Structures are given as C-alpha cells and as structure tokens.
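Look at the two complexes coming up: chain A is in both, with chain B in one and chain C in the other.
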Partner chain A sequence: MREVDLAVVGAGPAGLTAAIEGAKRGCRTVVLDMNPRPGGQLIKQIHRFFGSREHRAGTRGIEIADSLFHEAASAGVEVMVEAEVYAIHDSTLEVVAQTNEDSLVLLSEEATTSRSRPLSIAARRIILATGGAENALNFAGWTLPGVMGAGAAQTMINLWRVLPGKKILMVGAGNVGLIISYQLIQAGGEMVAVIEATSRIGGYGVHAAKISRAGVPILTSHTIISASGESRVERAVIAKVDASWRIVSGSEQELEVDTICIAVGLHPNARLASLAECELCYSPSLGGWVPIHNSRMETTISGIYIAGDLSGVEEASTALEEGRLAGICAAASLGKERAGDYDDIKAIEGRLLGLRSGPFCQHRQDAKQELIGIGEAQCPKQ
Partner chain B sequence: MEDDTIVCRCEEVTVEEIRKAIREGAVDVTGVKRRTRAGMGLCQGRTCEKIVTQVLARELQKPLSAFKQATVQAPVQPITFNLLAKASHD
Partner chain C sequence: MRVVHHPILGDLPKVRQVKIWVDGKEITAHKGEPIAAAIAAAGIKIHRYTTKREEPRGVFCGIGQCTDCVMIVNGVPNVRTCITPVTEGITVETQHGAGRGGR
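Right after this comes the complex of A and B.
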C-alpha cells in the first residue's frame, strides 16, 4: 500500500493543473493516467487555441500538454502513465500499473519494458479528472467497421498517423465535428459532407468557415438514416429532418463514403465517481449525469473532488481553471494553505465566469450555477 | 429505428429485444440489463447505455432525466483475473 496526500485520476488539463497546485502547496501528489502519454485530449490538439492570452491563445494543445507535464514534474508531482484505476473504496485507489521494481514514475519508452502489476494507493484527498466520453449514435449499420467516434478518428490521424478512410462523412457540426473535419482534410482525407440534425451550426464560425472554404458542404437539418456495405461502410443514406425531428420523405440521398465519424457530443465519464458513491444529477447542458459538487469542487463524498469534463462537459480552458481550483481547495482542506490562496480562487472564479459568458456559453454558466447550488446544500461543509 | 438494429455491440442486443424487455416490465437501465445482457459485455455499457436510455425514454414516454445510470461495479476497467488475484494478496 502506497500512501500519498493527494491522488489525481486523469492527466488531462484538469488533472495536471490540480496536481500542480497540490504539489506546490506541499502535498505528496501522484497523478494516474491510463494512456502512455500525459496530457489527455490536449495531445491530439494540433490547432492553435484562441481566446484570451491567459488561456494560451495561439498555442497548440499538444504544446500545452508538454508544458503542463514539465511544470508538474518540476513541482514534484509523480506522474504514472499506463496506470488504470479499476476500483475506489475508502479513499483507496486500486490500480493496475506498468511498473518495474525500482520506480513508479515511468514514461512510455520505459513502460514497454516493464510489467503490469496491481497496486493500492491510499490518498488523504482524491481528485477525479476522468474527462468525458463520446456519445454513440444508433442507426441501421452503425456497428459496421468504418463507423467511429470523431475523437477516435482524431486519435488515429494525429497520434498514430493512420488515415481511417478516404471518403468521410462527419455527423455533427459542433466544434468537435468541425475541427476534426478540417484535420481529416489536412491528413489527406476527402470530407464528403458534414451533417447536423439541428437547424444551425453549433461550433464557432471560424471553424465552419475553414471547411466551407475547402469546399465541404455543411448540411443543417440533416440526419443519418443508415450505413451499409459488404464487410465495412461503403455508403450512407442521409435525409432532411423537419422542425419536429421527423424525416422529410423523399429527401433521402445516398453518399458514397467509407468512413462515418460521429460527433454528437460527450458525456461526463462518471464511472469511478459513481463507484465512490458520489451523488449525480442530470444536466443536459453539461452532458448528462454529472457528479454534484460545491464551489470548492468537492463532491457529496467528503475528500473526493472533481474537475474538468467530469464535472460538466466544457472545454480545455475551463478544465485548466477547474483543476487549479480543485487542487488549491483539496490542499487547503489538509491544512496546506498558501498566502494568496483566497485571491487565487477569486481570480479563477472570475476567469471561469468570463469563459462561460456570451451567447454560446451562458447556458453552461447557468447549469454550473445550478449544480453548485445543489452542491452547497448537499456536499459536506468544510 | 429498425427492429433489428443493434444497440449493445458487445452482447449483440437489438432494439426489438430491448423493447420486449420493457414490455415485460423493465423500467430502468438495470432492468434492461438483467433481462437482455445489454451493457454486460467488455465495454460495460460505455457505448450503449445512453442508447438504452433513449429507447426507455421513448417507450415509456418519460424524459431522459428519469433514468439513472446503471449501478457501477468494480472493476471499471477490463483487468485479468491473474492481476485481480495478485491484488488480493497485497
């Protein structure tokens, strides 16, 4: 049994910033991530972020991941990759980790030469930053090879450098669908169309403009009816939908495609939180069932905190801020406060409010306020 | 959705089998799971749970929020018995 002050599950933007703030305040901190490389979804983000300078506008996601990992390492955080947390009970995490005898801190090149073994980690505080998972879409033929999550396609092209197909249909015109469509073009794929069931493009205009300029049609009020093919996807049938989501008969058209990417949103990956018996609540704006948390990011289970997409599906920028907030608050609850913590928290809250304002994001601010309101009533008092 | 469209890939459970489970009394995700094995395969419902919920909501004419997620049990990641056995000796 290993003992630490703070164990963080997930080395994405939320998990890494949480660990950095905890370690800076003197917590013995470990971060566990199932992937071979820290950074979460950031390591697939090859485009420059935009927004404000505080949120690293102009920087590519993958560079943010690297700088966060180095910041964590120099703050004394132990980052364990290829470490799968398969259970949680009584403030203990059960992990299968790729470890050798001497060291628990392993990066990918070493991990391949070591063996998996089980490991228990007892933590005084736990921060869950397990992220989101892609929503599936059910239609005839959706289990054929060639139908995949847009995030999976992005992993294939940007991490493994494998093009999933040559002629691609994207289902969903939110930011994920638009950005990944553009990256598929950059990787050498042909985007046959981007379809969107609602009557408007959900993602930012700048992303939609890029793929429109590349000649890709974005068809709103369109849905997918079926995929078919001998042993994999060879064609898709799409059709118009009316205002009450009914298929407009006669509007069906067949597209010759070999790949169908699904980008219809994400939901919080709340499995470990549920296993820890954290109470969840249903919030459509935040992606579905989300663990209840208070303004300190603590759940209904004392000592368990959450941050990032797990606490409501948003963006990398909000995950970076929520992680810091959770890290500061978890450390403070162990008596490891730092002068200036109060001001830091107020500054983070201000920046989160900024990120959740505007026509695209106000509904998330409202949903978050509601969630935190429930959390203030239900979560343990400090 | 066509009757023979698969909902749970791991256990190959179709829409019609889920509708049948609902007709036979399933009122939540866990009830569907017990009757059909939907969500009991390798991915443990990671992919199909939302779709099962959508079928439940449609058939029982209730909002999605009326259906809680299925009870989560350890292990939440696929793990070999060999490793589990080693863990219990620690």
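Right after this comes the complex of A and C.
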C-alpha cells in the first residue's frame, strides 16, 4: 500500500491550497480528484473575481486554477486526476480510490477510464475538500430532461463548449444565477428570464446590470409552477408570489423555453465525510448539514480535516484561505511545523474575518463561530 | 449545439474527432469530452427512463454527483455519462430502468 503523510480529497481551491501548505512543510502529499483536470469549479469560472488583490480580484477563475496547480506541482504535490475516493477506513486512515493507471501524473489529455483499478493509500492525515453540491427544487415537471442545475449548464458551456438549450429560464437571482445567465448569453443562448422568489435580487448589482443591459428581464417575487413538454422541457409556467410566499392567482404566465436552470443555492457535499463517520450538524447559513470542525479545521474524527465549501458553502476566496489553514494545521499535527506558522494562521484568520464581514456575510461569520464552538467541545484535543 | 465562437474563451480549438454509436446511430464527438456533452451537441436530451414509471431523465448535475444521466455504455449499465469521456467506437444506449441485462 502506498503511504503518504497527507491525502487531500478534491483538487479545487481548498484542496490545492491545503496540499501546497502541507507539502511546503515537508509532508509527502497527494491530492485525489475524480475529474479529468484539477481546479474544481474554478475551471468553469470565466468571469473576473471580486474582492481584494490578495484574493486575486480581477483574475478569472480558470487562471487561478492554473496558477494553483503549478504552485502545487512545484511544491512537490502529486495530483491524481480521475481518482474517485469511495472509502475511508478510519482505523488506518486508508483512502481507497478508483483510479486510472495513466492518471497518476497529471494532465494526461489521453486519459481514459478504460483501465481503472482500485488503489489504496495509507495516509497519516486526510483533508477532505469535496466542495458543494447544487440544491434541487421540487416543482411539477422538475425531473424532465432540460431541467438542470445552473452549474451543469455552466460546465456544459464553459468546459465542454456545448449549449444545453436555446431558450433558457434561470430560477434564482443570486450570484450563481446571475453570472451563469450572463455566461449562457456569451455562449450564444437566449435567456428568456431570470426569476427570483424573494423580493430582491440576491447577487451583486454589477452582475444583474450586465444581464439587464442584455435585455433579460429579472423578475423578483416570481417562482416556477411547472415545467412541461413531450419527454423534455418545452415550456414553463411562472407566477408571482406575495409576501407570505403564496401564488398570486391570475399572475401565471407561460414561457416557451427548452431549458430551465436551477440556481437556488448549494449544500456541503458531505458524503465522504459522512462515510468517514465525521459528525455533522445542521447550519442553514452554511448551506445545510456540515461536518463539525474546530478552529484547526479538524473534524470529530481525529486526523481528518476539512476545508472549503464542505465546511460551509461560501466562496472561492474563503476556500483558498481555509485550505491553507487546514494544510498548516494538519502538517503541524505531524510535527512538521514551520517558523512563522502562528503568524500565518493569525493572518489567515484575519482575512477570513474580513471575507465574512459586512451585511451580506456576517451571518456566515456567526454560523461559523457557532460551528467552531461546537467543534472545540467535541473534536479531539491536540 | 457547439459553442464555436466565444468572447472570453475564443474560438473552439481543433480537436481530434471520434465516432461513437448512440442507439445505433453514428455521432461525431470530440476526443476527451464526456459522452453527455457529445450527445447534447447532437441534440439528444433523454438518457434513460426510470424503473417504475418509465419517466425520461437527462443531465441534471453535470459533474458526476446525481446519477440522473446514466446510460448503457459498451454494454455496461449505469455509467455516468457526464464524467465518462468518449473513446473511438463506443456504443451508448438509452437505459431503461436499472439497465439489467444490458448487453
């Protein structure tokens, strides 16, 4: 069995930064990712990021993914793609992954799934950075082909360069709904409307302005009633909702669409953490069931750490910081500390506090503090 | 429909093409892309029919999490087409139910 100091699951922003910090401190580090390329969802983010320079504002997500991968590779991290982790045996922290013989070293464009084989890795520490998963929305016809997650449509257009449909309805006007609507227009799709059940647009004004300028109506206080068609989406019925979320009768309107994208939030993808028997708790502000963790990002299972959307759905910027935090702490628990770790951790905590402040984000800071409070009581003591 | 021109990503790069067979029909796919992308480009939306009610299903999550898009690939049922790359000459079939007895 292969032995490593640190096995990281997920090569998105959190997993890659965690691996970089671990490797920089002398940990033999491997990152496993089920996708053919590293970068997680960053590789679909063709827009420029917001925020501060230290969080790479002004840079497109795809560029951040590339630079993180190169940083990881030069730090000595081994990134395995098309490697799907399907078991963690907690007694030995054994990771069992289904992988492809060709995928051990990366960026093989020739990679295929035809020679996949199981692989076991004994890891002294594990960092789970499995990200988030899109929420579904239940309405009549929601299972028809043509109804899909907004992220699925984004993957199709920006990664695979295929438009999933021609006339599209977006459900949800948060940042995901707004940004992907604009990207669907850039890919040549026709956005029929963006609807939002609450009375206000949830995402940034600049994203809303872009699609408004393109002539796409953003209908607040509107919900979807149904999707229908012959074995596929051919139309949607939407309607107004009042302040108590009741449908305003007579406000129904039918839209001719072939695709309905659902952008109603994400939840932590806690399947593997759950399988590893990490205890979860329910936190609406963090997206749902989330593994309990302490201030060092360690879960209730000794030696298993988490970072990124798995530890609460936030943004790529927070994932980058949490990944670094988890990597530093996991390395330190193996005695691989570095002078300046304390200052690094304080700096990361300061930046996280900044990212979680302000009227839109304070609730996440409060929820995170509550989660860490539970974690300090329940997670193993160092 | 392929996104050939794109204001940020530029023109679609030339890639090697492969032929795949979907329910007996030949489709041209781009090497390295997942089966789901290839068949979406060909306008196919229905991947399978459910076991009890025989309802149609297509791509939902697009990243291997939900298993809605599974089909029979080279005789193997329940293959997640959104994360399985095309290779030359593979056969892809619409799946009915759990796809047992797939050839």
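A few points about this structure:
Just so it is clear, the second predicted complex is superposed on the first by the 364 of 382 C-alpha atoms of A that agree within 3 Å, B and C clash if a C-alpha of one lies under 4 Å from a C-alpha of the other, contacts with A are read in each partner's own complex, and residues count from 1 in each chain.
Assume a contact is a pair of C-beta atoms (placed from the backbone, for glycine too) under 8 Å apart; a residue touches a chain by one contact, two chains touch by 3 or more.
This is a predicted model, so every value here is computed, not measured.
By the touch criterion stated above, A:79 is placed in contact with neither chain B nor chain C. Of the two partner chains placed by the overlay, neither chain B nor chain C lies in contact with A:168. Shared-chain residue A:138: touches chain B; no touch with chain C.
Contacts of A:328 after superposition on the shared chain: neither chain B nor chain C is touched. In the superposition on chain A, contact of A:289 is made with chain B only, not with chain C.
In the superposition on chain A, contact is made by A:186 with chain C only, not with chain B.
Of the two partner chains placed by superposition, only chain B is touched by A:118; chain C is not. After overlaying the two complexes on the shared chain, residue contacts for A:34 are found with chain B and with chain C alike. Using the contact criterion defined above for the overlaid structures, shared-chain residue A:151 touches chain C, although it does not reach chain B. Of the residues of chain A, those at positions 34, 84, 133, 136, 143 touch chain B in one of the two structures and chain C in the other.
Taken together, the chain B residues at the contact with chain A in this complex read 1-2, 5-7, 9, 15, 46-48, 50-51, 54, 64-65, 68-69, 71-77, 79, 83-84, 86-87, 90. Contacts from chain A toward chain B in the complex involve residues 1, 34, 84-89, 94, 96, 116-120, 133, 135-136, 138-140, 142-143, 267, 270-272, 274-275, 280, 282, 284, 288-289. Contacts from chain A toward chain C in the complex involve residues 34-36, 46, 60, 84, 109, 111-114, 133-134, 136, 143-149, 151-153, 155-158, 160-164, 166, 186-188, 231-232, 269.
Remark: chain C residues 1-9, 12, 32-34, 37, 40-41, 45-47, 55-65, 68, 82-85, 87 touch chain A in the complex.
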